[in-house]
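I have placed the structure first, in the form of structure tokens, so that the comments after it can refer back to it.
Think of it as A, B, C and D in the order they're written, each chain with its own count starting at 1.
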Amino acid sequence: MKTSAILSPLIAQNWLEEFSKIVISLEDHLNELDAAVGDGEHGSNLSNGAKALLQGFPNFKSRTLGEFFEDAGMTIINSVGGASGALYGTLFLRLSDVTSNYQEADLTLISQAFDSSLSGIMELGRVKPGDKTLVDALEPAVTSMRASVKNSENLLTAMIKAHYAAELGCSSTANMEARKGRGSYQGDRSIGHIDPGATSMAALFGALSNTISNYFPH
Amino acid sequence: MKTSAILSPLIAQNWLEEFSKIVISLEDHLNELDAAVGDGEHGSNLSNGAKALLQGFPNFKSRTLGEFFEDAGMTIINSVGGASGALYGTLFLRLSDVTSNYQEADLTLISQAFDSSLSGIMELGRVKPGDKTLVDALEPAVTSMRASVKNSENLLTAMIKAHYAAELGCSSTANMEARKGRGSYQGDRSIGHIDPGATSMAALFGALSNTISNYFPH
Amino acid sequence: MNAPDSVVTDYLTGLESSHREVIEFDLNSRIIQRKTTPPRPKVGLISGGGSGCEPMHCGYVGYGGLDAACPGEIFTSPVPAQIMAATERANMGKGVLYIIKNFGGEVMNFGLSAEIMKRRGIEISKVVVNDDSSFPLAQVDRRRGLGATILVEKIAGAAAERGDDLAQVTTIASKVITNSRSFGVAFNSCTTPKVGHPNFEMPEDEFDVGVGIGGDRGHSRTKMVSADNIADILLERPSVELNIASGSKIILLISGLGSTPSIELYTLSGIIQSKLALKGAESIRTLVGNFITSLDTFGVIATFLVADEELLELYDCPINTPALRWGI
Amino acid sequence: MNAPDSVVTDYLTGLESSHREVIEFDLNSRIIQRKTTPPRPKVGLISGGGSGCEPMHCGYVGYGGLDAACPGEIFTSPVPAQIMAATERANMGKGVLYIIKNFGGEVMNFGLSAEIMKRRGIEISKVVVNDDSSFPLAQVDRRRGLGATILVEKIAGAAAERGDDLAQVTTIASKVITNSRSFGVAFNSCTTPKVGHPNFEMPEDEFDVGVGIGGDRGHSRTKMVSADNIADILLERPSVELNIASGSKIILLISGLGSTPSIELYTLSGIIQSKLALKGAESIRTLVGNFITSLDTFGVIATFLVADEELLELYDCPINTPALRWGI
């Protein structure tokens, strides 16, 4: 290890820049996924958020990690709309809550922060794993991070594993019947389609592991 | 010739029964023709008239040929609707006017009566031959009858020739641009399609020659 | 989902039961008439035309509108028996105005009826609406009656309600016609219940220019363009013919043809109004919705009426019909 | 014909210019608000939801209706910034009622906003409309807010206008929700501007049962049946759950989903009313048209409200909004 891997405000911004670019390039794909189970605009919703983030970063007043995540969360909440706007926003507001007293975060803190995001989302969305939502990508990632903390893995390894767990979780939504969100209205006809929100959530972890690997290569 | 061929109220009723049956069986075909150049309901319009005629005949109070045609004309006018209802109705009301003092009609009278129908229709519809309407079937038939009178042909021959002229006239509408009626709204895009009204008009003469041939076979 | 044979009767039955306070369906005569007789004898107003163009005309029967309407079969003008029954119902001794759209079937059937009713001693006056500007003036006989019909019914209806005599009501109606122009476009063909499939195929990236109602093709077909270009098309001929210029006050009617979402209609309405504003003209009143339709056609008709004080005042008078209601 | 990126703004611009006397579009806050402040301070009413469901909700802003509406992107609930701006605009010191349809996005975004606004000292009350009866009561959390939303906006709007306080207006709104049920069917899938093709294919002879708005599939699919059978489907669950029986007085709302011709809607309305009559129930008021839609969906939502004297009286009060107007 060249340097002790951490999440600073700068790295966090790079993460969300990366995520924003991915989301914009995935817009049509996510819309198509949402057309199959929902109302065909998850990609456009998140894209609006991505554009707002990219435009917003230069004006963020935030200095600490906590402040950065608060700015990001509010930007998302007020630009995305739909269920995903409130939920993604909550994810970042919870990251902000947990990291608020810190300049930067190590794996333990990151893991705690995402733990809090997961509960925040489950509460707001009244949702649990298996309901075929973004939680089915988020929850395995969170579980994986917890294990990494326990095993004292380094941040990059932990993030790669978390991303992989999120992707697996995302794929698993194909076999689920939607019980929350717009997919739930068509009953078991949602089975066979991957959940759009889980797909974008997996991309969030992809962007994170990718960013960390850029800053702290093995 | 077995007997001097004439048109009596009874034969006239048979003619219109025959015509009604043809129209009902052609309903879909005429609708399709009208869908291509107009609004897709010429068959249904005339069918409504045909059904009204078949139902109405038993209650007709008419004794003379003139009265019969008046009843038939009024029945058509009040059941068909559209341009064709007024025009077909006028055709019969004019037949009625000319034959009103007669119990039955010979070729000369029939020819005069249809002459009058033609002018009535051209007046009411502000239409002339070549406008791609039912006039393009009616006018050749009327011209043919006039020639038959001049040549002292018998009624059946005259009716067969009139029918043939009407059919030819009907076919010729395929090459015309509609200048009257709903077909006229699409300009030269009506070219290539046969006019539905001309088709039903040709059938009217088909029914007539057929009826006459049943009563007065060669 | 409708049964092709009873589609019109089923509609009229539903219309009656949905607007029982305002209108009445006379099944025998097959006409829709006002439920309550007007407070005092007035000039009667009737209109009629093929069904499939709802809410026209039955939706405009009521206080401040028509006294009776004659619905024909789908896209078929009514028959004289209906028109004569409507005339008798509308006649309160002050004469009856026929509002006729310039379609052959209507002109002929209302014409025949007028002759008969006049002989029976009822004073009849006729106006023929031909606001369609998709044909050049040289082909004025092809100009159909489109959205102006509704404005005639509304405004002449108000004139009759305030007590104008037959000549005055006719003059007002004619003024509305003279001052109105419409233009229509469509993006698909409608499906008539009897034929059961679209009347013609329309490539997805094209649309018909200069359409009317009744499912007919437009006079030409064009590649799909933006809403802004469509607004230009809708505005062009009407604004030239009506001389729309600085200071013109416009009553604007944007009607979908049956299956056009409201979001698209308002978008067009907005663009057209800003284009009017560029000319210095003002849209003082605007109606956006399905007012004159053509079954399930995806398209729009834009109607422009250059209004003076008199027309505007009459337009603003109360009306209570199934499809238009205000002030009451 | 719309530009996918500006479709909502273009619509709002057109809506504003078409109804300038009644509403105002605040481009910055992206809300539609009443043009003129109410004669005296009253409880404020706001609602909002994904665009594509026009005239909901912006079409119900005005006297006797909403004070402000927050339109989201197509099928996307509005964001808290809009909701908070609308709250501030609607607040006249007597508190604000949020009329929320039971869709996750709306519940969450209005919920977040309410928390923030309460902290800023504005009294907020919320009702969640869930009149959709296509899911069994055991799955009540899946029951969407459908046609009853409009009746809540109308009736609670009248209560606010007559001076009721926030608790009273909330009680009235809840009563409307409790007494309302809806059911929807659709014959095609809509096309969202961004996706550009129908969300799913529907065989020509089938239709979806139990649909909502937003272009989602129904819970099941059935072979095409007659209008009479469809009326049965629309009526079944609502009439069981509402206990519609002899003497019930119903306010009936038949809304097309965007591309359903009026002739079909009235046919269904007529059949449903005669089926109600067979039960001894009466449809005392009826609305037929496009009141809650889903872009260009060909389908219908039937909403039944069992009305008592109080609800009927409030329903009959004057309203002046782009999409509903009477008595004024």
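The rule is simple: a contact is a pair of C-beta atoms (placed from the backbone, for glycine too) under 8 Å apart; a residue touches a chain by one contact, two chains touch by 3 or more.
Note that the coordinates shown come from a computational prediction; the quantities given were computed from them, not determined experimentally.
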item: Common touching chains of chain C and chain B; value: none
item: For chain C, the least number of touch steps when starting out from chain A; value: 2
item: For chain A paired with chain D, centre-to-centre distance based on mean C-alpha positions, whole Å; value: 33
item: Distance between the centres, which are taken as Cα means, of chain B and chain A, whole angstrom; value: 77
item: Interchain centroid distance [CA atoms averaged], chain B/chain D, Å; value: 55
item: Separation of chain C from chain D, taking each centre as the mean of its C-alpha atoms, in whole Å; value: 29
item: Pairwise chain contacts, counting only pairs that touch as defined; value: A-D, B-C, C-D
item: Chain A - residues contacting chain D, complex; value: 27-28, 31-32, 35-36, 38-41, 43-45, 48, 77-87, 89, 124-126, 180-187, 189
item: Contacting residues of chain C [partner chain B, same complex]; value: 50, 72-81, 103-105, 108-109, 111-112, 141-142, 144, 192, 194-195, 199-200, 210-212, 214-220
item: Interface residues, chain C side, partner chain D - complex; value: 1-3, 7-8, 10-11, 13-19, 51-52, 54-55, 59, 187, 224-227, 230, 252, 254, 258-271, 273-274, 283, 286, 288-290, 293, 295-296, 298, 325-328
